[in-house]
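Dropping a structure here in structure tokens format, bear with me for questions.
The chains carry the letters A, B, C and D, assigned in the order they are written, with residues numbered from 1 in each.
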Amino acid sequence: MHPWQALEGARVLDLAQPMRTGMPQSPNHPPFRMTLERRHGDLVRPDGGSAANELIVTGGHVGTHVDALAHVSQDGLLHGGLPAGEAMSQHGFGSLGIEEFEPYVGRCVLLDVTAVHGVHTLPPGYEITPADLSRAATGLELRPGDAVLVGTGWSRLWSSPEEFTGLRTGVPGPGAEAARWLAGHRPRLVGGESIAFEHIAPGRGHATLPVHRVLLVESGINIVETMRLAELLDSGAREFLLVLNPLPIVGATGAPVRPLAILPGEGP
Amino acid sequence: MHPWQALEGARVLDLAQPMRTGMPQSPNHPPFRMTLERRHGDLVRPDGGSAANELIVTGGHVGTHVDALAHVSQDGLLHGGLPAGEAMSQHGFGSLGIEEFEPYVGRCVLLDVTAVHGVHTLPPGYEITPADLSRAATGLELRPGDAVLVGTGWSRLWSSPEEFTGLRTGVPGPGAEAARWLAGHRPRLVGGESIAFEHIAPGRGHATLPVHRVLLVESGINIVETMRLAELLDSGAREFLLVLNPLPIVGATGAPVRPLAILPGEGP
Amino acid sequence: MHPWQALEGARVLDLAQPMRTGMPQSPNHPPFRMTLERRHGDLVRPDGGSAANELIVTGGHVGTHVDALAHVSQDGLLHGGLPAGEAMSQHGFGSLGIEEFEPYVGRCVLLDVTAVHGVHTLPPGYEITPADLSRAATGLELRPGDAVLVGTGWSRLWSSPEEFTGLRTGVPGPGAEAARWLAGHRPRLVGGESIAFEHIAPGRGHATLPVHRVLLVESGINIVETMRLAELLDSGAREFLLVLNPLPIVGATGAPVRPLAILPGEGP
Amino acid sequence: MHPWQALEGARVLDLAQPMRTGMPQSPNHPPFRMTLERRHGDLVRPDGGSAANELIVTGGHVGTHVDALAHVSQDGLLHGGLPAGEAMSQHGFGSLGIEEFEPYVGRCVLLDVTAVHGVHTLPPGYEITPADLSRAATGLELRPGDAVLVGTGWSRLWSSPEEFTGLRTGVPGPGAEAARWLAGHRPRLVGGESIAFEHIAPGRGHATLPVHRVLLVESGINIVETMRLAELLDSGAREFLLVLNPLPIVGATGAPVRPLAILPGEGP
């Protein structure tokens, strides 16, 4: 059976947040802005045709996106001990940029921490523990090379930018211990719903990013952030096909992506 | 069998061109530019961690991308007779923007016009005819709702920007007749390798865009441009699974995408 | 005596706020961002030389800037009754853009409303009245074609972005009556210290902009905003030479400027 | 006599080139782009008022602009021996950025090299020599701290971007010897009409920039480039008042400016 036949009738869930001027994002990154440059009617061809187009300004870590291994360094070194200073230039990173991330098409496991606690959305300042992840993984096999997503329900708050950003009240996410638990299963990538895949205590912002260090620098595991997992959490699916194909921006430390979860169809 | 099991061992081909400052693109659209904003070492956290990130300026029709139906109007009207003037504002298009394109995961057929002519790459000024497409489609079933790609071999010239852009020598592509042939099969989308999915005569540039009118305005069929089909052409595959998930930029007339072709694996 | 001789020993005051990422500005305009693109060492020429440069994203109404007459319309018409729709295209405005503002080198009068009230800075929600302006103009001649600046002391708050922007607490400025008083003296241009040359009531933001209508649309008088007048207010000078030369951005509705006030020197 | 009185009736010449998308500029710098973001009618306030505004992308060395001392380094060092690496961060340069350039209002001398050779515009590949400058300075006093402009007539070619940029045919300008002659007179700044104040041999581009090294790094003298001197050359004025007030972009290696030459009036 051809792959296209195997997926006929499958259910496709869009895991990306819509990108628009003013959407929630990290204050550390260039704000996303899309504006029409040419509108219909500005330039009408002799045959009555007209084309419109836009100008976009953005960061690589804006909207749903993938962190490249080049994104974080520790004591001046990138993953694998590469000196960060040697990898950077006006062309971006010569190594470990997002274009080196091979598109992922494979098994994905969703660890639903909201179900562990019987809530719809985790509270703002909650730090996810290894015990949370173990309980969420009950009955699920985690294989090396898999994708692992961690559900917090946080994507439900997308339309409330101040709450979603959580500068004052904090954001739920894994601490360093949970990151090590995840890294221990040797996944290809991990992902979550908030802006940074980290536990952010109230009022602290992104002062330290231990999860990024453990995953990107120490373990070579890419991170997907700002995913829209609400619908997937509600679907009950915990094992599915994930397609993750970030834009191949050469030398960038991250790139936007529109991830897809592919589930079995409803049947006839 | 779960979708993820069905695709284990499948072969994944990346159909996107790499995005970098200076890559070939249409002079009508904002030039792509990626620059590092923060480099490692600029801001070192007390624990020795440091993060780098970038600023990106681009158009929506730069690199491999999908045209939204809002992109082209004819006599002031968009697809379905919607007056273009009513759909546009500082937020982009309220209707027919690229975010309305539902991610495509399904069957795709490749019409290889280079094979029809026994060449590696079609000559610059060549206009693809309905007869070319019919011959390329021999033995292939084209179903309504499918994706259809047209192979010209043009993506082989990507690393020669002047040749690829073809302002002086022209670009091979379908004329209005070929567009009507394609539209007659009612595909969900069509795609090609050059900057504009059009036949461009030498020295003419994008003066008129009849194929865009036939497909986008008259038929409601999205167009994918600047695809990297060389490897797929060489693979011999003519029927495969295509994943096409452009960035959901709300109100935009187009968005970059990293399309994937998924083929059966090599086997054990 | 040559002009350069006439100004030898003169005192030059810089009336522009420094431009940097994160500075206070209107949320309605693209946020200013400056980032180094190429740094020294990225590309070293064989002779040991190296050049650094930046990428800048900005709006035209960011930092100290001049509003072009094209900036505001009333009932679809620009100054002089020009239909706004006919003047706009992908190239900006074909008429009344900022490039049509001839650089101003001439007499300027400062109406110091803080002195009228015996305060350092006017209170946030204060609306300047015609009586305030009359009192501030005591002993000063206002001639047609002059520049007139209105001092509120607001530029002293520049380093407190939230206070300066005043979204919650409001901003002092002229109301419609004061604008008519100003327009009645037929100046070439008027200027102030806050983001919008308007009285902004607490919590109202830029919901209506009557002063812009009176000055730009009805009277054809350009407005300078976000000026740094603190030092000038403190100097006691009320009549001086002003140089106002906004960047000649063709078709733009406004442009940044670094205005200079030139005062007599201290003498030997 | 007040400065504003001294300049009444003076003649003001605008020395800036108009800034628009597609204007000639160095390929090493981000291309200038101005696009309307909000147009009249997009958002009409209840009172019938509407505002339009733009989004601007640019480099600091685009259009008429001033080079900061931070722009060029030699063997890793900036002017005064400051290590370049220590001065740079995500905020730009902590020292020697363009905001440290105090606005210039003072005497300026124009050395007209076209008159020396009896031509309207110097030929593309011409290298200006110390002898040329000496002859052009005949009868003119060059004082320490003055501004010195060098006329080549090149600004007459502005409307022919390919010719003006001169990638193939070269650009006239001073060589290292002429730069040393200029530096020997210890001016505050020097300026010219082409994109780089350098002699550019045909086909060489900006491979080495000896004049920048001599002036910026060794001598601490700022450079103004892409000036529109044609009208000034034609006026016959060789000594005048120059106002040079680049935008105070904190930490930038250069900034756009609209320089003004102020000449005695025509008289009654």
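The criterion applied here is as follows: contacts are C-beta pairs under 8 Å (C-beta built on N, C-alpha and C of every residue); 3 or more make two chains touch, one makes a residue touch a chain.
Since we're looking at a predicted model, the values are computed, not measured.
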| item | value |
| --- | --- |
| Third chains touching both chain D and chain B | A, C |
| Numbering shared by both copies at the chain B-chain A contact, with half separating same from different | same |
| Chain whose mean Cα position lies farthest from chain A | D |
| Between chain A and chain D, centroid-to-centroid distance (C-alpha), Å | 45 |
| Centre-to-centre distance between chain B and chain A (centres being mean Cα positions), rounded to whole Å | 24 |
| Shared-contact residues (touching 2 or more other chains) in chain A | 30, 33, 35-39, 55, 57, 90 |
| Overall pattern in which the protein chains touch one another (line/ring/star/complete/other) | complete |
| Residue ranges of chain A in contact with chain C within the complex | 30-31, 33, 35, 37-39, 42-43, 57, 89-90 |
| Parts of chain D lying in touch with chain C, wherever the complex brings them together | 1-4, 6-8, 10, 12, 14, 16-21, 28-30, 34-41, 45-61, 63, 70-76, 78, 84-85, 88, 90-93, 99, 102-103, 105-108, 207-210, 212-213, 239-243, 245-254, 256-260, 262-264 |
| Of all residues in chain C, those that touch chain B in their complex | 33, 35-37, 39, 55, 57 |
